[in-house]
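Order of writing sets the chain letters: A, B, C and D. Residues in each chain are counted from 1.
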Amino acid sequence: MLKKTSSGLILVALCLAVLVAVTAAGCGEQKVDTSKETYKIGAVLSLSGPAAPLGQPEQRALDLLEEQLNDGAGVDGHPVEFIIEDDESQPEKAKAAITKLINQEKVAGVIGSSTTGATLAMAPVAQSSKIPLICCAAGTKITNPVMSYVFRTPPTDSMAITKVLQYLKAKKIGKIAILHDSNAFGTGGADELSQKAGEYDVEVVARESYGSTDTDMTAQLTKIKGTPAEAIVVWGTNPGPASIAKNMQQLGMNIPYVGSHGIANQKFIELAGAAANGVVFPAGKLLVPESIEEGSEWRTMVDDFAAEYKAKYNMDIDTFAAHGYDAGLIMTKAMEEAGTDPVKLRDAIEETTALVGVDGEYNYSAKDHDGLKTSDLIMIIIENGKWTEEKSS
Amino acid sequence: MAEERLLEIDNVTKLFGGLAALKEVSFTVSPGEIKAIIGPNGAGKTTLFDVLTGILRPTSGTVLLKGQGTVGLRPDQITAMGMIRTFQTIKLFEGMTVLENAMVGCHSRTGSGFLATGLRLPASRREEARIHEEAMGVLKDVGLERRALEVGTNLPYGQQRMLELARALASRPEILLLDEPAAGLNQYETGELSALLSRFRERGITILIVEHDMGLVMDISDEVVVLDYGEVIARGAPEVVQNDPKVIEAYLGIEAD
Amino acid sequence: MSDPMKAGKTALGGGKEYRTLLIFAVAVFIVPAWATFIPGDVLHMDIVNIMVFAGIYSCVVIGLNLLVGYAGQISLGHAAFFGVGAYTTAILCTRFSWFPTWLGVLAGVLLAGAIGWLVGVPVLRLKGHYLAMATLGLGEIAFILFTQLKWLTGGTIGVPQGLNVSVAEIPSLSVFGFRFDTDIKFFFLAWGIVVLLMLLNINIIKSRVGRGLRALHSSEVAADAMGVDTARYKTRVFVLSAMFAGLGGALFAHFQRYINPESFVFSVSILFITMVVVGGMGNLWGGIVGVIVLTFLPSVIQALPQWIPGIPESLTNFSNYSLVLYGILLILFMMFMPQGIAAGLSRGLAFTQKRGRRLRDRFEARKYEGH
Amino acid sequence: MEYWEFHVGRADRRQRALLVGSAVFVGLVIAATLISKGSTGFQWIVSGITVGSIYALIAMGFSVIYSSTRVINFAQGEFSMLGGMLMYSLSTRGGLPPWLGFIFSVLIVTAIGAALERLTIHPMRDQSVITIIIITIGIAIALRAVAKWIWGTDPVKIASFSGDSPIRFLGAAVVPQSFWVFGFAIVVVILVFLFFNRTLLGKGMRAAATNSDAASLVGVSSSTSSLIAWTIAAAVGAAAGIVIAPINFAGYNFGIMLGLKGFTAAVLGGLGSAPGAVVGGLVLGVLETITAGVFPSGYKDAVAFLILILVLLIRPQGLLGRAEDVKV
């Protein structure tokens, strides 16, 4: 019994250590104090769980924006606060979080969530509570059909798919095999690819899937090898696509590898190593800033954001940080016009035009809650472990 | 008594791997009799009980209870036919009171299911009351009625044995299989047990008993069957068997081991 | 104790348990009242909303406790039945907009039970870890089917967006025209059902069937020998627990109003079984206690930093550390209350009430022994 | 409490016939695959063996702890995860030579495993197995969270031991790391098997699981036995994590999948049997790749689990598991 008590005490001590570490880590930050009422904006992001790699940069971007605004003029002179909740990558947690933000924190608008599933769970709440929601998820279903209170910042999966199909058509590739993650992102992408392929004279000759945690896709690849596919389109997020690149190298498959925007990160290059070379994927221009016209407002925006993000976190920006930043930007810009009345705020968001964010230029309308266009995307090719724009598209 | 047979065991063989735990065992038990099975450790006595009660399936041979074959039936079906057993190592139900243990014994004669008990239908409530009454009755028989609400496994050892007996009795068996009921009992308790078994016989319950306590065996049994290495090596009245050279050898052989 | 005949009868009727249930019911239904008195930013959580989830999970866990705690059979795949209940009513009520929601719930319960029977009959022949493995496999298969049968379940996108239906949400549950469309209404519905399930549970446990199950748990061989048809009992209790899980799932669908396969993954099955064990296996109240503790624990941990005076507001993001604490607390619960929190609580209560004096005496005695 | 009581085996002729039958069936499936699909089918089997070796290594850890304590350690996958991540920090990032990184990573995880046993499992040795299993779930959650805290959420890569250029034979291609994994699995199974069947300590530990009196006769208390088992399991797990990381990558949440597949392989092969762990792992791996090749790949795990359940129904103690006769 004594033994148990002492081990228990050690564990309790560990708990306390964790708490103290947390407290210590948080010290030394101060907030600007102004006499004006603070504008509260809610955010539901996937800070833990499988979608954490999406939610965390989004959170960092929002923190950065909050700091920038409060160090400057705020929103119309008001200090601003992003109240960020973690949905643990689960739809039910996301729904509970947005309910809480609306009912208890009385936020004027909400940003989030990071994944399509969580956003689909939140959207009806926002709609019925008449609180504008700007999400950072790319699933086509979110804004199709348009719900009046639901907006988004990232280029949609549809845009990425269109971009890929345009690229294939330009390259005169007529037969493709699809290999996709069996999760929502992969399945949704594969469905839409197969649906739209015909419009671009592309035929899907094979469609295979793999589990998000699978380590070996040679079985699917050998199946594809036996088909007349001229290119393989891989729709998934790390680490699956990296395993596929390696497996293709192993099997000596030389057909072009076209990825999704899910591999638009350095991690893919790191994981796939040499096998990453030659892989082509659609992504926002911000990843290759040189692709944006020098001196343009957009280019400045991207360069500044990248610099400040680097200064604050010592990290490079990625697309998710951009989505989060833009969502915050659109929301606060609209607040400058409309204040905190949710209905007016919604109208202001819908009227947003020519707002330059990191992802591109946002133009919302009653029919279009996506904001961006397919032309805001480019195809990127990995050469010697570096991204360059694949111009031939 | 006429050639009436309650239990007929015919040529029962049980192989474990290549080893024969029972070899062509045959004998019968008549209604009202107390029959003892003795034999050295590992002679196959408990295996025989397992076969009789449906826990093990014999490799070959038949068992007839009241003229009906029991091989292939489930243990609970055999219990419902009127044959119930106790265990060599006491198997009281953990966390249950003395009374609840005895109540489980009534299981084979009652029938309320999930729906009836879950909704507390009148029939189920009546049945519960009856079970309660009967369980208290058998506890009284073995002298445990005052301890009805204690947890069964907390009783002293001797009383746990009695409770096992009461639990079996609650099923109103025609034939009771007792696996070393006197093991671990002191002399006084063994005496009580002996008296109890005689009372059971007066009520018309047939008893098949595996026992090491020779005093008890000689005291109560009408006939003795001796098993050794899975085979019946002798049978007959207690006094006769006691002096059978084969039996003495079997026991001595073990001791010399 | 003076008259066991009489005392026996009251214990049998489960008088004590029914009294506790009554107190419990009253306590639960005034939760929303006191929850409104606690300002949201202090607890940093929406108590009523969390309680609704706790109620829904309780349905599953009460049934699972019957299976695991009383009958001694493990299941690592109950998220599957939870999912079957949820999908059944979700699909029926979105595909056919005229379909009465209460009938959808009923269909979910029955289908979960039917599937429980179909898989239970063969699988329950297995024991221990092998049964655990088989049920785990069934859970995984169910999850894959939820994901892959796109025409039926809407695939990974879920219901209703993944289906070609006109409704934007799973309709809220309505019974005789009364719609349970707010958290608070649903709270009363869910916990009302929990109270009814507990009543059913107590009735079963305190009866012939309950004794059979407990006997089976203690020793299958002895239960068999006493005339308990163990195979049938195992199947029946498995079916019952599947139906409870299906009911929970159906409620989940109508509360959440959007479902996708992620809510029915392997880790959810593990969460259910953890709730049973942390609360107290084979303890009547264990299931509910486990659910409440483990549903609130993450939120409480999240809120912890705010209770530390002077902590900067920027530290509301606690997600990394919170899971470390969650894991350690789970270990501590099991170490100091291995019989479950419910048993630990009742023992603690009895300890302070009755045995305080005895403990003091014993302590005194030990002091003298030491000399 | 006989909560996790093991199967009362009645391995009679019928079951043995079924076992032979299923072995023949597996053989036929493999043969049919080879004949109908030729080199493609051969590639599936070769890939399956690689994947299966990974599962087998994890299964070994389950087996070691199970055979000496009857506990299923749900944190087993996390040991491998930690091994891989530490290797990344020490060698890939920290610049230690790989062999040194390997040794240090294994040592650290082994120490963690031993410490966890003393801290959380040892004090609970008299409690029911399910209680301890829930504790291992708690350990898994905490380890995962700590790993996420330290290393973040992105998966990382560890360089292959001997390059990435594939080796081709009979129309199939294999990466060199596969040989490392397979070879390592074989070495580990032999060592574990010898330990448990040829050394006094190992035999005593096995005995400690079923009968602590018998075990103490050979001088092994169930307490020491549990400590040694956890130490070995942590070491095997960590080493496995490092060897498989070049194929598998490593990431804070990879332990979940590894644990799940490893547990499945261990049960399939027969809990507590080291050769069973390897057979179970290989069968599961080959099954997965063949089903991924033959069926729509989305259903491959479902088919694999279905076959697993069928195997268990025919042979409830796993392929190589010994039916343990519980005396009535």
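The rule is short, and it goes like this: contacts are C-beta pairs under 8 Å (C-beta built on N, C-alpha and C of every residue); 3 or more make two chains touch, one makes a residue touch a chain.
On a predicted model such as this, the values are computed, not experimentally measured, just so you know.
Ranked by how close its C-alpha mean sits to the mean of all protein C-alpha atoms, the top chain is C. For the pairs B-C and A-D, the larger set of C-beta contacts lies at B-C.
In this assembly, B is the chain whose CA centroid lies farthest from the centroid of subunit C. Computed from the mean C-alpha positions, the centre of subunit B lies at a distance of 45 Å from the centre of subunit D.
Look at where the CA atoms of subunit A average out and do the same for subunit B: the two points lie 72 Å apart. Averaged C-alpha coordinates give centres for subunit B and subunit C that are 41 Å from one another.
In whole angstrom, the spacing between the mean C-alpha positions of subunit A and subunit D is 36. The set of subunit A residues touching two or more other chains comprises 4, 7-8, 11, 48, 182.
Residue positions 55, 87, 94 of subunit B each touch two or more of the other chains. With touch defined as above, residues shared between interfaces to two or more other chains in subunit D number as follows: 1, 120, 123-124, 148, 256, 296, 298, 301, 328.
Those residues of subunit C whose C-beta lies close enough to touch subunit B in the complex are 1, 4-5, 7-9, 11-12, 200, 203-204, 207-212, 214-215, 217-219, 221-231, 236-237, 240, 282. On the subunit D side of its complex with subunit A, the touching residues are 40, 43-44, 47-48, 50-51, 54, 118-120, 122-124, 148, 153-157, 164, 166, 168, 173-175, 244, 247-249, 251, 253-254, 256-257, 289-290, 292-293, 296-298, 300-301.
Residues of subunit D touching subunit C in their complex: 1-8, 66, 72, 120, 123-124, 127-128, 130-132, 134-135, 137-146, 148-149, 256, 260, 263-264, 267, 271, 296, 298-299, 301-302, 305-306, 308-309, 312-313, 316-318, 328. Within the complex, the subunit C residues that touch subunit D are 72, 74, 122-123, 125-130, 132-134, 136-138, 140-141, 144-145, 147-148, 217-221, 266-267, 270, 274, 277-278, 281, 320-324, 326-331, 334-335, 338. Partner subunit C is touched in their complex by these residues of subunit A: 4, 7-8, 11-12, 14-15, 18-19, 21-23, 25-27, 29, 31, 47-48, 59, 63, 83-84, 86, 88-92, 95-96, 99-100, 103-105, 116-117, 120-121, 124, 127, 139, 141, 147, 182-184, 187-188.
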